[in-house]
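As written, the chains take the letters A, B, C and D, and residue 1 is the first residue of each chain.
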Amino acid sequence: MKPLTREAIAARLAQDIDDGWHVNLGIGMPEQVANFLPEGRDILLHSENGILGMGPTPPEGEEDESLVNAGKKPITMLSGASIFDHAMSFGIIRGGHLELCCLGGYQVAQNGDLANWSRDNDDPIASVGGAMDLAVGAQRIWVIMQHNSKDGAARLLETCDMPLTGMGCVKRVYTDLAVIDVTKDGFLVTEMIDGMTAEELQARTGAKLRFADGCGTMPDLTKAA
Amino acid sequence: MLDRRCETIEVALDGIQDGASIMVSGFGDAGRPNYLLKGMIDKGVKDLHVISNNAGNGFTGLAMLFRLGMISKLTCSFPRGDLGAEITRWVREGSLTVEVNPQGTMAERIRAAGCGIPAFYTPTAYGTKLAEGKETREFNGVGYVLETALHADYALVHADKADRWGNLTYKNLSRNFSPLMAMAADVSIIEADEIVELGALEPNTIVTPGVCVNRLIQCRPVAENEWGVAA
Amino acid sequence: MKPLTREAIAARLAQDIDDGWHVNLGIGMPEQVANFLPEGRDILLHSENGILGMGPTPPEGEEDESLVNAGKKPITMLSGASIFDHAMSFGIIRGGHLELCCLGGYQVAQNGDLANWSRDNDDPIASVGGAMDLAVGAQRIWVIMQHNSKDGAARLLETCDMPLTGMGCVKRVYTDLAVIDVTKDGFLVTEMIDGMTAEELQARTGAKLRFADGCGTMPDLTKAA
Amino acid sequence: MLDRRCETIEVALDGIQDGASIMVSGFGDAGRPNYLLKGMIDKGVKDLHVISNNAGNGFTGLAMLFRLGMISKLTCSFPRGDLGAEITRWVREGSLTVEVNPQGTMAERIRAAGCGIPAFYTPTAYGTKLAEGKETREFNGVGYVLETALHADYALVHADKADRWGNLTYKNLSRNFSPLMAMAADVSIIEADEIVELGALEPNTIVTPGVCVNRLIQCRPVAENEWGVAA
């Protein structure tokens, strides 16, 4: 049994993005998703700083200071891209126009609460950026994160103890071990990596898991078929 | 492939039912979605709640939907014009309800709906008849009125150029309410004078990003005699 | 003693518009002001439907359906004109960015209250348009109107009895008889037409008038000098 | 003649005093008004309340105003970056106050200030630490936070093209907060990469109408070594 790499989690998530969706990819692990978007689908990437239709990283030497993403990294524009100001950008977010936002997470609770912006309740300059707007605004929030923290602590919990980003907003979680829907009855596992048992996954999780009928294998799509 | 284009106007207007709330772009004749309005007449839905700055004029466009008895409620800022006398009569007869908003309040309520703002305070109408029954509050000693977001089931919007992703530009003062309404309805339906190739619109000059748009149709002019019998 | 024509009132008001001001001219009498803007000043006309820098009426046959003013009449654009949507247009109004708005009036009270949108408290479709936004938003409201109604009733009053457009918003009134500032101490006459006496003006006014030191003659600028 | 152009940067920045509140456009390096920021350093004002999404990076631009101790309060959404450790220290020492807003709330608060909206409700941050002490309210069963308009005495804004009336366009993602800030300050001061003839900007593509602008200056690049001694 081998947990998925960060790339493999991103690749798995990318498969579930429908043709025609407008998607915001949060800073960090979610950014990886852009590298695995399925061919043949029009997937329009949004960035908080005012663009829909972000293209890939430009070749070295062709960066334009006026073309950066929310992580301040250089980007390009696709044909059909549009530019707008910050009020419009967050109007698009808050108004529910984005089909999907993928965010990183520190903790997800079984009611969909998300903590992803500050590990420390007493941080004097806790920095939220646009995460709270995305959490309440996008039509669905999928979280992409490691199933456990480096010290082994569970991150899927009955209740978050870190500061919340948003209440009840998470619809699905993709981890290195499983794909888990957040339902009104709590966590529902729909896929696990090869060799993982329900008991073991439960042992690494801080809230009760249910398992979907026909719970499948979570593939590593970064490996040659 | 993301393609907002509809083959026919029937497809563009699919699903609109009696009792729907419908935003209609335009200020006077500038920016009126006349092709879509003609399609609404042909569709023959009724009991509509129309949200539009004006009620229209003459025997064309929006005015014809009123004359044909398709509209039971109007939210607007200025229900006068050609149709003023009739509207007064319909209101007195009870066949039409009219809600008058100050024009800027109406625009901001529509924007709020599109941008996920449920309510805001405005100084407009404070202390006037149009604020009667509304919640008020002072900030820094000045009085304000609480206004709520104005949503709709559908928006019918006229644009100048569009691409298949739904990115839009508008021509001059045809812009008016269009970008706001495109965002504020569950389903926004756009008629465009010209549908261009993806990439033909300069990204910095797109006014409405396609994410706000649901359906798109190539516009054609509606001739005077297509609107039906004049009274 | 000859009351000024509507044109002459508009011409007098136009003299007081400073170079560089952004001005909204309400529908009706205020529209006339556009015809008398002093030469050599950049005065940018705003229209609620989304333009700054309106130019004069186009020659017949050159009208463009997409270029109309708030009264739905054909206009042109000056070099330097800008176009924006209705939310921005009323953001400019409500945000206090216009130096001046000229409105017509039915009644003005000595505290600056304005009634200009409905003569009838029971009108079921009283139609306000953008007047209430302009009344609260512009840096100054100047009202242009006949001093008395057709039946001779006073329109400058202690209190308006018609439905209000805005509270305490009027800064100055230009009538066919006088120019009157609205001050914290009520109406202050600064100009009267040739031959008008203080007593007579007071008799035609429904609230106490004060007269400025050096109260001048209100000129008819439509007559050849 | 309406002419927003200033002859010198001293004239453009005239009147800014210790204790002023200053909006600074830009997201990362895109749209930072570095020429105006350099002018602020030369001017040597202090005790500033800066409103900016980020705190800046390195030893240039906004970051230098922090390093030189010119700023006593920062309203932002993301005070991390290069300067994060220093900012944490300054806050602990008490020489700097930081107010963190969710980014969309900050943008909407600035827009509200420019558009005469004193306060609005937003779903963002409801039930989180950033809503503590703020008024909340339910609409249709959903919780919202009341947020107020965010004004400033001055806005320092970078634009791409400008004309003498102050009409502005922006380049790509340099737009970000610029149009909002230009409207929200008592005095907005714009540096533009290019000042063009009146009429050269197409009316439909102007993003900020000149009415929102007070002063305009031709921008020039600030070289690395002009920012003063690196630590």
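Please note the rule applied: a residue touches a chain if its C-beta (ideal position, glycine included) is under 8 Å from a C-beta of that chain, and two chains touch if they have at least 3 such contacts.
Treat the numbers as computed from the prediction; the structure is a model and nothing was measured.
**Student:** In this assembly, which chains make contact with subunit B and also with subunit C?
**Tutor:** Where subunit B and subunit C share a partner, that partner set is D.
**Student:** Pick out whichever of the two, A-B or A-D, is joined by more C-beta pairs in contact.
**Tutor:** So, comparing the two chain pairs, more contacts are at A-D.
**Student:** Going by the average position of its CA atoms, which chain sits the greatest distance from subunit A?
**Tutor:** C
**Student:** Taking each chain's centre as the mean position of its Cα atoms, how many Å separate subunit A from subunit D?
**Tutor:** The computed centroid separation for subunit A versus subunit D comes out at 30 Å.
**Student:** Starting from the mean Cα coordinates of subunit A and subunit C, work out the distance between those two points in Å.
**Tutor:** Chain centroid spacing, subunit A to subunit C, equals 56 Å.
**Student:** How far is the middle of subunit C from the middle of subunit D, if each middle is the mean of its Cα atoms, in Å?
**Tutor:** That gives a centre separation of 36 Å.
**Student:** Spell out, as numbers or ranges, the residues of subunit A touching 2 or more other chains.
**Tutor:** 51, 77, 83-84, 87, 90, 93-94, 136-137
**Student:** Could you list the positions in subunit D whose residues touch two or more of the other chains?
**Tutor:** In subunit D, 108, 111, 115-117, 122-123, 171-172, 175, 203-204 touch at least two other chains.
**Student:** Which pairs of chains touch each other in this structure?
**Tutor:** Final set of chain pairs in contact is A-B, A-D, B-C, B-D, C-D.
**Student:** Considering only the defined contacts, which subunit B positions touch subunit C in the complex?
**Tutor:** Touch residues, subunit B against subunit C: 27-31, 53, 77-80, 84, 87-88, 91-92, 98, 100-105, 107-108, 110-111, 122-130, 143, 171-180, 207.
**Student:** Under the definition above, what is the set of subunit A residues touching subunit B in their complex?
**Tutor:** Per the stated touch rule, the residues are 19-20, 22, 40-42, 44, 46, 51-53, 77, 79-84, 87-88, 90-98, 136-137.
**Student:** Quick check on the complex: what are the subunit A residues that touch subunit D?
**Tutor:** Interface residues on the subunit A side: 47-51, 64-68, 72, 77, 83-87, 89-90, 93-94, 118, 121, 124-133, 136-137, 163-167.
**Student:** What does subunit D use to touch subunit C in their complex?
**Tutor:** 1-2, 111, 113-117, 163-165, 167, 183, 198-199, 201, 203-204, 206, 209-212
**Student:** Please output the residues of subunit D touching subunit B within their complex, sorted ascending.
**Tutor:** 108, 112, 115-123, 139-140, 142, 144, 148, 169-172, 175, 203-205
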